[in-house]
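Letters A, B and C mark the chains in the order given here, with residues in each chain numbered from 1 onward.
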Amino acid sequence: MSGRVAIALLALVVCFAVLAPLLSPHDPNAVNLSGAYQSSSGAHLLGTDASGRDLLSRLVHGSRTALIGPFLVVVISTLLGTVLALAAVWFGGWFDQMVVRVVDAVFAFPGLLLAILATALFGSGLNAAVVALSIAYVPYIARIVRSAALRERSLPYIAALQVQGVHGLRIALRHILPNVGGLIVANATLAFGFAVMDLAGLSFIGLGVQPPASDWGAMVGTGMAGVLQQHPQEALFASVLIVITVGAVNILGDRLTERWEARS
Amino acid sequence: MNALLEVDGLRVRLPVAGQLRTVLRDVAFSLDRGSTLGLVGESGSGKSMTVRTIARLLPDGADVRGGVRFDGAEVFDLRTEALRSYRAKDVAMIFQDARAYTNPVRTIGDFLTEAMRTNDRMPKSAARKRAQELLAEVGIGDPERRLRQFPHELSGGLLQRVMIAAAVAARPRLILADEPTTALDVTTQAEVMAILGRMQREYGMAMLFITHDLELAGAVCDETIVLYAGQVVERQASVRLHEDPLHPYTAALVQARPEIDRRVDRLPAISGHPTTAYEAPDGCAFAPRCHFAQEECRAGVPPLLQIGPSQTRCVQMPGLRGHMAPRQHAGSASNEEVQR
Amino acid sequence: MPAPVPSGQVKAKQRPTGVMLRFIATRIAGLVVTLFLASLVVFGALYAAPGSPLTYLTHGRTMSPDAIAAIKAEYHLDDSIWQQYLRWLGGVVHGDFGTSIIYNQPVSSLVGSRAFTTTLLVLMAAAIVLVLGLAIGTLAGLKPGWLSRSAMAGATGVMAVPTFVGAVVLIIVFAVDLEWFPVFGAGRAGLDEVYHLVLPSIALALASVAFVARLAQTAIRQELSADHVQTAISRGLPRGAVVRRHVMRNAAMPVLTVAGLTIAGLIAGSVVVEQVFQLGGLGQFLVSSVQQKDFPVVQAICLMYVAAFIVLNTLIDIAYTLLDPRVSIGKKDS
């Protein structure tokens, strides 16, 4: 699968999320207990779940939580990680050492575990999990950006700018940041894929998006009952969408990384 | 008696981005037992590729035409075991960048004894003893400690001496030295060259010595071959090369070097860029940069002319011989020789 | 003849025992500091949460002042946070994680019986990751061609499969359709438990197998094209020896290190797998305790997971630095 196919698939998922109310043939939460586990038909293109809710509508609506949570996680962690890393490289000395220590300490918490701890404290749902994952992802971004910025900083042109009396902040923002920008984008993309999996996993074990709201991870979870009764559609369809989304994001991230590596 | 190494009509093409690119064209020379032949040229001239072809170290997909005969046997006909034995016993290679060409996670002792233990089935203690002798021979003190060290713990010069020790360990009949001193600083260079020369004489090995330094080739080698764009353009006894170059390219190389007893305002550089074999024009490859180029030079690929014991690939020879003086060549009044 | 070079000219990067011991000591000190910070986070989180700890302990029920006083006394809620923390930490060091609010039993006894299943699950998954991941990666690296390419494309695909999705697919195929393996539960102790953990450990290992395979393949490709391999070939060594002594040996250290870190990462993934297969290990207990707000249990399990993760990471880091001569001690950060 090439980068273009990946972008096209992602664009499609984003369209689902944006146009969900228009694209859904039914109310995703409309229960019809007499119509449980229907197979595909004109009325229900992908059939129905255990409560007779339309699967297609639920899957289309599920793309919203599948994208918005990971998006927030990536934006927050990338911003925090980049700022920390650039500041650490720029100020150096004890500040740099402190950032490295803190980042190492946060690194000791696996992202999913921190998210579980957060839902224990603040209640189940996306909000706490997003904040927790954002913090847990900061070390990955910060480490990569820091080492790239350190390399960049050691280049002669930075010394030349300093000799010319260009302000430090300006050098960091106008020269170092754009030069490590490609790397940041590549890693943010890869982090997005991990965030999709972590948040879906959290919803799957019942600590993330709460029923009856539709979410792909949660649908795999509720679909487990159907799996045991020879009705695996709900779990399978949601799984396929997660895998396609994560796969497309990963391929895009790999291509961006390759492009960045080819540059240097 | 036949020559130790005979290279004959050698054409090598390497796959680059799905296409075969010519790197060597019609390379032919021979090397006698125990003698030293220099191979001089700019980067891209094909000198490294020549020795790699001889050691059969070409990348997958390389297309080789012509022949390389070692002691009468065709090297490209050798099958697995025969090829291993050829590399293990007959030829040895010394690479330019000793650090990149030694395994960073294995000790010097491992590096030196590995071939003895694998190829010659030498017991460990005997191999280590032999390795210590070899280190002493290349002038490395405290061999016992060195054997336990890793490559990154040794300086570049020391590591290149280890390389030389490893190369001569199996008493090969031919040493292929690919710019063995280029990566070293000048003093270390002289030491390493002295050791290499001494080992070669003591062990009676022939050597193909690659360098971009015409003067170094002259100091080390009996004869020198000049390569340009994947072709041999001149072959002469090294002592003659400086005084009486037989190709305008060689003449330009000689003049581009500063000399200690000559003071010039400006060194005459060779105009234009060096050409590689695959982008060489029809006719003489050097013609676009040559001050003496005529219509006939561009007509077709010049043949290798025999002039006495020497060879040249210039169609204007021997007419041009002795007329390629610096002033004429640079064509500028500003680099008149000034006697000190 | 040039004189032997004096030893002063050696680029001194010697690694005497003293330096190594100091390095190990530094890493272990770092480990202790990180563990301490982790305990602070795990304990302090309770106070960062909205509402007072008392609300959690009473589960929001209205209680008589006497009952509240009893709870306050039991959990020392009138002490300062630091006193409470130190008391808790002191207990943890002695293996006492407090009392479960829901079960009214010592957390240590509740947790201990469940830890075995989780450990077995992670160990089985680790074995699968090492054996399969390294085997696939090595073969793909040494034998380029369509098989290698499709293996790597497959690995890229598998890496996009979240653990729980892999688990569900495995259940559908091997438990529901083929009925080769049980769907739920950890079975009886012994071989039966191993049998019950086959599907869960495969599900847990799947993405890591793909990752390690890709990693090993890349590393072996890179080493194959390294200059020093040309030297080994030029010396007439048999291909087997070149591959074993120069390609595999050099690729091994970095690959094993990252594989080790990946295995440490399985600890977090096991929570989800235990939930899918209802294994009744630490992870499933953690999730149910979170849902029931049984804080002493949540704290204990989180701390155990983080400790296992950090200790593994530190051990791998120390092993790598000591065993790979290319890494110079004390210069790893930049």
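Following the convention adopted for this analysis, a residue touches a chain if its C-beta (ideal position, glycine included) is under 8 Å from a C-beta of that chain, and two chains touch if they have at least 3 such contacts.
Per UniProt, the chains are A = ABC transporter permease; B = ABC transporter ATP-binding protein.
Computed from a prediction, not measured in an experiment: that's the story for all the values here.
> Which chains end up together, and which apart, when chain A is taken out?
Minus chain A, contact groups: still one piece.
> Identify the chain whose mean C-alpha position lies nearest to the mean of all protein C-alpha atoms shown.
Centre-most chain by C-alpha means: C.
> Taking the mean of the CA coordinates per chain, how far is chain B from chain C in Å?
Here chain B and chain C have centroids separated by 53 Å.
> Quick check: how many Å separate the C-alpha centres of chain A and chain B?
56
> Just the number, please: Cα centre separation of chain A and chain C in whole Å.
The separation of the two C-alpha centroids amounts to 22 Å.
> Quick check on the complex: what are the chain C residues that touch chain A?
30, 33-34, 37-38, 41-42, 45-46, 48-50, 156-157, 159-165, 168-169, 171-172, 176, 183, 265, 267-269, 271-272, 275-276, 286-287, 289-291, 293, 295, 298, 302, 305-306, 309-310, 313, 333-334
> Within the complex, which stretch of chain A touches chain C?
Contact set of chain A toward chain C: 100, 104-105, 108-113, 116-117, 119-122, 124, 147, 150, 193, 196-197, 200-201, 204-207, 217, 220-221, 223-224, 227-228, 230, 232, 235-236, 239, 242-244, 246-247, 249-251, 254.
> Contact residues on chain B for chain C in the complex?
Going through chain B, the ones touching chain C are 55, 57, 83-89, 92-93, 95, 97, 100-106, 114-115, 118-119, 139-142, 145, 149-150, 152-155, 157-158, 166, 170, 191, 194-195, 198.
> Using the touch definition from the top, list the residues of chain C that touch chain B in their complex.
Residue positions touching the partner: 1-7, 9-14, 226-228, 230-238, 241, 245-246, 249-250, 253, 324-326.
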